[in-house]
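Consider the two complexes below, in which subunit A is the common component and subunit B and subunit C are the respective partners.
After this line comes the complex of A and B, so read on.
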């Protein structure tokens, strides 16, 4: 039977693990499964309720009258599917090999200390991806080239504004405005300008929150699912606002 | 294309005196940055760059370029750049200090606004229907020259924003018959390479993928591919008979 200190120590780790996953773009049921698996490897039950900003965890051991509960904030972390997959594997390894908590914690520290993608590398790849979207929507090569450089400018603005701590809704409006303004230069040339302008903001579409929101609702986590969808829809609204301001000024000749 | 050159002719004919004053101010402030660097000179240069961008937005595009289709896009683009410099003037995010980057490259970029008119004259164009030093492309190349020479920690957004303009220049070569813009597009590549390479190197606690060596290799390959692409697009222009 575990002492109160041991249960609290275990809860601290599972809370850190679960919130790291939630902050990195994992849908709720996967987080619940992984956290329960780690709990099972230590012989305890984990009960987890999550909201948009916080998570509530409870740990209990069969036959033990002590129950520990904690409310933890979810950190904002960059989305990394590779890291999410590694952390899920860790939960399987913990339960399969019955690893002690100290070993699991050490492996967890090693996993989260692994290098992340360079922001400049991400910038270049996002630019290429958005230019490819332009081609997919029948944009010509000139439009695709313009979308590439427009995305670089818009995404760089997004990275710098987020780093400066600006509200992310404002960041999305400004980034959409800058990217679509840069892409609007294609209007001067004989190319598929409409496609260029429309696809220049696609890099901002919050795909992960949208998918996670739907999965959460389908799997019964209605509250967090709705929160994620509302957040994603607000971001889409911000993209539309940024793009609309540009279109009103340029195509609507307000200037 | 005719409208494009007509607007340039009208702009040059009406503003050539102002252009001389602007070039003189640019030369003076740049020399002061080299000889007597300090906070006041730095602020004067930022204010100058903001006003220069306002000039391009209002005088070049709004007043003389209004006949061109979608000139309002350009007004917004340059106004945004002016706002960026004004913000920098008050926030003090960019510091003009001498860097260890190659002086030859910055010198070449400074000279580019003067090479533009020479290039036009070599093509047989005459005043006022020719490129002059105070035009959007010259301003971009001068700003990049300043950044190469003086800004240790670059503003990535400003560089990519200017880079976007430079690469648009390549399309202008064909659509508006202005091969002078090749100079801008080509001279931007080494500047962007330097900025990106130093941006990666300056990250001292670097725990990123790909590592600095691979990243540098990747940058070199990208620059070579872009350079080869420029060459391939330039050749048919230089030797139309061969293509």
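After this line comes the complex of A and C, so read on.
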């Protein structure tokens, strides 16, 4: 039977693990399953309920009168599918190899310390992606080239502003405005200007929270699913605001 | 010519998926699979809409089902959960142009509130585009979730390794 210190130590780790996953954009049912699996590897039951900003966890052990509960804040982290895969694998490894808590914690520290993708590389591929997006929507090559350039400008602005710690709503408005303003130069050329302006802001669309939100709702985590969707809608609204400022400036040329 | 159209559609979708996926920091080993899934899904939707005359939201449902099943099949090989492969592959199908047209119609509506005839035109455009955008996003998520619900045992153990000798 575990002492109350041991239970609390275990709870601290599982809380950190679960909130790290939630902060990295993993859908709720996977976080619950992974946390329960880590708990099972240590012989305890984990019960977890989560909201957009906080998570409540309870740990209990069969036959132990001690039950520990904690409310933890979910950190703001960039979305990371790599952390999602690695930390899910860790939970299976913990169960399959019956790893002790100290080893799991050590492996967890190593996994979250791994470097993320190079920002410059991300910037370039996002530019290429948005340019091909423009082609998918029947834009011509000139429009695609302009979209590539505007995406570089807008996404670089987003990266720098986020690094400077500016509020993310403001970042989305500014980034959408910069990208669509750059794309407005397509009006000067003989090309599919409207497609270029419309696609130039699409790299900002928060696809991951949108899809995660619906997945959560379908899987029965309706409350947090709606929170995710509302959050995503607010960001889309910010893109719309940034785009609208630009459209109001140039709408005479679009009609 | 038809084959070239389909191939180009798949190619551009693959580039778009890899690029937008890169924002969400997927593991490097997942990129080839993301590209293949995105190309197959988007090309399928293109074919269904162009030649079978199917509407955009039904075609999206078919495409996202294929992507969901594909990510379930391929995810186990590289120890990635289904969503790590399927979400980036779905991103090229997110209805950005319809969302843009919704916003544009809303702005123009607000500019013409005094003229009911023009305002009605923009109101219609707003409703039409908003409905399409919403139903496509819903279908994307539902289509990719159905395989997880159907084959939940497999979907939940994709990241489980069979032997741990390498680690």
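We adopt the following convention: the second predicted complex is superposed on the first by the 251 of 255 C-alpha atoms of A that agree within 3 Å, B and C clash if a C-alpha of one lies under 4 Å from a C-alpha of the other, contacts with A are read in each partner's own complex, and residues count from 1 in each chain.
The working rule: a residue touches a chain if its C-beta (ideal position, glycine included) is under 8 Å from a C-beta of that chain, and two chains touch if they have at least 3 such contacts.
Note that the structure is predicted; figures quoted are calculated from it, not measured.
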Touched partner set for A:249, first subunit B, second subunit C, both or neither: first
Partner chain(s) touched by A:75 [first = subunit B, second = subunit C, both, neither]: neither
Subunit B versus subunit C as contact partner of A:100, first or second or both or neither: neither
Which of subunit B and subunit C A:198 touches, first, second, both or neither: second
First, second, both or neither for A:43, with subunit B first and subunit C second: neither
Subunit B versus subunit C as contact partner of A:156, first or second or both or neither: first
Touched partner set for A:189, first subunit B, second subunit C, both or neither: first
Subunit B versus subunit C as contact partner of A:117, first or second or both or neither: both
Per-residue touch tally on subunit A - higher for subunit B or for subunit C: C
Subunit C-contacting residues of subunit A that also contact subunit B: 116-117, 121
Subunit A residues touching subunit C - in the complex, by the definition given at the top: 25-27, 30, 33, 78-86, 88-89, 91-93, 96-97, 116-117, 121-122, 125-130, 132-133, 135-137, 195, 198-199, 201-203, 205, 207-208, 210-215, 218-219, 236, 240, 243-244, 247-248, 251
Residues of subunit A touching subunit B in the complex: 113, 115-118, 120-121, 124, 142, 145-146, 149-150, 152-153, 156-157, 159-160, 178, 181-182, 184-185, 187-191, 246, 249-250, 253, 255
List of subunit C residues in touch with subunit A within their complex: 8-9, 11-13, 15-27, 30, 42, 79-81, 83-84, 87-88, 90-92, 94, 96-97, 99-101, 103-104, 106-108, 111, 137-138, 140-142, 144-145, 148-149, 156-157, 159-161, 164, 167
Contacting residues of subunit B [partner subunit A, same complex]: 68-70, 72-77, 80, 155-157, 160-161, 163-164, 167-168, 171, 175, 196, 199-200, 207-211, 215, 218, 222
